[in-house]
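Presented sequentially are two complexes of chain A, the first with chain B as partner and the second with chain C.
Showing the complex of A and B:
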């Protein structure tokens, strides 16, 4: 039994390695650009998100919220989101409302407390699934183009594109620095409670120390990046309308986009009808 | 002596540097599961020391904006955890906290001041976040006061989380790493971006006057954010009364759909325009 437990925990720690995290993040960013959601126009998706990201907060009807939730659940499945992101979503929803239920029981609440909390849970879940669909299902470049079309600051869309490009490199570099610190140091024994605490403190210390070289390296890299950008006239182009127009001319609304909106609307209308009969 | 006037491209460098480093760190905190010992949550949540260090060494505003953008892009948009309105508040609180800390330090060689600034910045950010959290739950749950045990539980959990975060994460993950990294990086990292190190005579404000104004503006922003949340709360209760009759909800749905269709038509027209002109 203890052997099995040991194996199980080893397995979990295997899964949580740096490479696993990196793969999941990269898969989430680049792995699914052939899905139905990824092919839609980013502007349409952002308008769609505006509805499902805002309206659920303003309703307390369980049928309406349930309808919204079902729809965004279907779109999330269509977007083929990475498993880790869904896991984080579940943990997030529980930590926002599940523990609140436990604590309110402790303060003398009863089973009736569960209904407002169910409403709250449905709201949170709908809004986060809608954002997972849009922000994880879309290609970063298309997403930043869509945001730019709506007049978001150029800085933000630059940050999104840059973040997706630089992240794999940064993660690899961080891992290398971390490993080199581990090679040079000697980790304390992790036996017993005090040993475990010592081990934890050691790990945190290594992480903090490794940010020292990482900061210096990243400073050099960001200087190179900015100088390269300046050479191509980035700051001038960012404020120039002509450049923006050229950049955004690739965006086109097709029948698929309209169909997507129409189907979403149809579903919500059915929900509204059901609601008025209940 | 020359004032520490960073050029535009140097400000962009600081922005890119803070964004990528803090973004990477928040990505990890989002991915690594938290573990709890009883009620005390031990998480590696707080990597705020990274923007704090950089704000003390470089232009505070660029570093603060970079940190907030990095968190938004890396850990929210990339993982699809974008939460809409809540993210705006997080963006503002992180910016203010880091900016205050960066503005307080006139001479990075002065360790006492660095420590006070790190702690003040963290405390300001956490306090604003706690207020917003409490208001958010009040705003999402209908008849908040009527549910037995819920108000007390929210105040208890949020208050406890604030103290826990400040004493545990604030002290261990903000104060100590900042005290360790600032003197180590001081004078080494600035030349990499082509800048002079900050000294007493080249620091941004002449006396404390500007700093006080900055704090007041920060305070006003916090109040404004609070007020916004509160007015949202009133809007909801008004909305709830109005939506007593179920028929009006269906009407609202139709209205929303009509707005969506109008937006769609405008979108199509605009897209057509750009195609004609380009």
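Showing the complex of A and C:
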């Protein structure tokens, strides 16, 4: 236990270093732009997501849910999603329902208690993986164009792609601020179990404190950005329908898109047939 | 034809007591290449924002007078329409880039203004700015110089007649600086664009600009052709502008009566060769070489042993920064680390503070391996002052920032020590202000004070003079010399060759992840091969001396005047 604590407290900065996070965010956003999923038309994917993001909530059939889960698992693999996102997914699903599942098994739960939990876990997992496929498989620009086509306000789609533009810079800055705290601060002694806990608490405190200078630095930067956006016609574009049309003209539905829909449809049809025989 | 006319403009920022611009009168001809000079806070940036319409449209305040850009009154049209006449590149240009990929950003403005051929315009602008073939690259893959070119391309894509650049080379190594000015020259000569730069580096003004405008306390002192402008040494110095060293040397020779008065002062090395041809070279008696060749038996402070480092990259192979680096730094050395942008200067400093861990090899700090020590413990021995001083400010006043490290360590008499530091760095009056709101020079001084608060044995400074005007740079150099008693070993990563040659005892040159030269200033600047390979631009007076005589090693104007009589 102490050994695990030691590892945990020493590694919270090292394994989850800002450099690593930054790399994962970039990888997630842009590192997989040559996958099958990334090349699909964003509108097709959003329609696809509408099905796999909503329908699972309304079904309790374990075969149907299992079928959906397998399909989105395959698309997630195709999208080459970054490791960190998958890790967060696993943690998320486990903390939602997975642990109940294990606990009930441990206390000798039988099929009656396990199946409802399995259904819930499958639902959460399916919807999460479908979201991961769409939102992390597509690069932010294509995603925001797709959203815009469906009538989402221009501001939302700009925010999405701008967030990805600014995020690496922010993370680098955050890393520096954190280091300022670490180099100049004084960490509590990390001997013994209590010491480890104290050290962990200290590290978390430092992370929270670091947000304040980060926000102020960002505010200072954004002054230039706001002026530049004004000069570069951002406000003008937001009110001009021509511009929207130009932006969206790059979107084209290809043979691959239809194939993707067809394969998904076929798979769900097979699942439906199996369901009717069970 | 005048492309820009500023008529009797007075502007006061909201809440400011006195106007920033006072009755500014200015005409700029089409096709001009003009430099605006003036000391900090004289209104240079404000004047530029008046010319592109941000004032009065976006920044409100008390505005009087008229500005005509290509015949259009800036008050009557929107900023967007003016952007097609006047393009603007900020000093903090990276904040001007809003899109993730290169072509996307270059064509962004054209798309916003609904130009159907926006992609072609973006491509053309990239071509004009020397970024051809990088269309699909992501912003973070670009070097600092390339990012600046992209910001320029974003402005060029709208095909404005006038381009305004606020301190274009402040953050760049000399090679990138030459590249930027080469492209500006091309835009000016080939495409007939009018270029306006705010610039402190008078050597670049001498090489590239046609006219110079001196702005003083919010009004135009004079506009003159470059040669005549640089001839006015007194005027420039009164505004804290430092003329090219060659000009300064000639000016001082004139005043000593060693050079005829009636001639124009030289401003470039080729002109200097002509002007100084009658001087004779005398080898100075105190030769540096004898002092520098003493054996290195000093204790080793930091030791890199077979260190390899690479960064994770978004795609493909990790990017290798260092491969099998071996290097020893000794106690008491004053080391300058030089090399182009991206050569690994910052990485080396981060390795020493334990922020980055080497993939292979080990780094020892006073004999103890860095990666087995917590940063909190390292701070007793080593301190790093970042390139961006804002990242050093973690409290809401600089007094609290300076005190923080001593306070949490319960250093005895930390209050007194903080006060002494504030006094030493001339910050006592500013002690309650947030560091972010200080001027560039004050911010640097504050970050230095924070860096030395714990009296570390090794002090690392990353680009301490970047983004500063020359007067402030001199001030920081004085501060560095003052600090000699506080720290033992100091290492500075910098592009500022005047700082290097006046301060450093040992120069380490990095090139593509290797140390390719390591020695005294004479050994480095005298080594033509290294200077060319890395793109080092020695202080101008050094090159001047070399041009006159092969054995001349003069790094300051004073030394030059002693060497040549």
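General remarks:
Convention: the second predicted complex is superposed on the first by the 241 of 278 C-alpha atoms of A that agree within 3 Å, B and C clash if a C-alpha of one lies under 4 Å from a C-alpha of the other, contacts with A are read in each partner's own complex, and residues count from 1 in each chain.
In the analysis below, contacts are C-beta pairs under 8 Å (C-beta built on N, C-alpha and C of every residue); 3 or more make two chains touch, one makes a residue touch a chain.
A quick note: this is a predicted structure, and the numbers were derived from the prediction, not measured.
Under the clash rule set out above, the superposition-derived model of chain A with chain B and chain C shows the two partners fitting side by side. Once the two complexes are laid over each other on the shared chain, residue contacts for A:230 go to chain B and to chain C alike. When the two structures are aligned on the shared chain, A:83 is found in touch with neither chain B nor chain C. Of the two partner chains placed by the overlay, only chain B lies in contact with A:116; chain C stays clear of it. Once chain A of one complex is fitted onto chain A of the other, the partner contacts of A:164 extend to both chain B and chain C.
Contacts of A:247 after superposition: chain C is touched, whereas chain B is not reached. Ranking chain B and chain C by residues of chain A touched puts B first. Within the superposed three-chain model, A:218 lies in touch with chain B and out of touch with chain C [touch as defined at top].
In the superposition on chain A, A:179 makes contact with chain C only, not with chain B. In the superposition on chain A, contact of A:55 is made with chain B only, not with chain C. Looking at the shared chain after the overlay, A:195 reaches neither chain B nor chain C. Between the Cα centres of chain B and chain C, as seen from that of chain A, there is an angle of 90°, stated in steps of 10. After superposing the two complexes on their shared chain, the closest approach between C-alpha atoms of chain B and chain C is 6 Å.
Once the two complexes are overlaid on chain A, the chain A residues touched by chain B in the first and by chain C in the second are 29, 140, 162, 164, 212, 216, 220, 222, 225, 227, 229-230, 235, 246. Chain A meets chain C in the complex at residues 14, 19-20, 23, 26-27, 29-31, 140-141, 161-162, 164-165, 168-169, 173, 175-177, 179-187, 209-210, 212-213, 216-217, 220-222, 224-225, 227-237, 240, 242-243, 246-247.
Contact residues on chain C toward chain A in their complex (touch as defined above): 52, 54, 58, 78-80, 83, 88, 90, 92, 94-101, 104, 108-109, 111-114, 116, 118, 138-140, 154, 311-315, 353, 355-357, 374-376, 378-379, 383-384, 386, 388, 390-394, 404-405, 408-409, 434, 436, 450, 453-454. Residues of chain A that touch chain B in their complex: 16, 21, 25, 28-29, 43-44, 47, 51, 53-55, 57-61, 64, 81, 84-85, 88-89, 91-92, 99-100, 103-110, 112-113, 116-117, 119-120, 123-124, 127-128, 131-137, 140, 143, 155-156, 159-160, 162-164, 166-167, 170-171, 174, 204, 207-208, 211-212, 214-216, 218-220, 222-223, 225-227, 229-230, 235, 245-246, 248-249, 251-253, 258, 261, 265, 268-269, 272-273, 275-276, 278. In the complex of the two chains, the chain B residues touching chain A come out as 8-9, 12-17, 19-21, 23-25, 27-28, 30-33, 44, 49-50, 53-54, 69-70, 73-74, 76-85, 137, 139-143, 147-150, 152-154, 156-157, 172-173, 176-177, 180-181, 184-185, 188-189, 192-194, 236, 239-240, 243, 246-247, 249-250, 253, 256-257, 260, 263-264, 267-268, 271, 274-275, 277-278.
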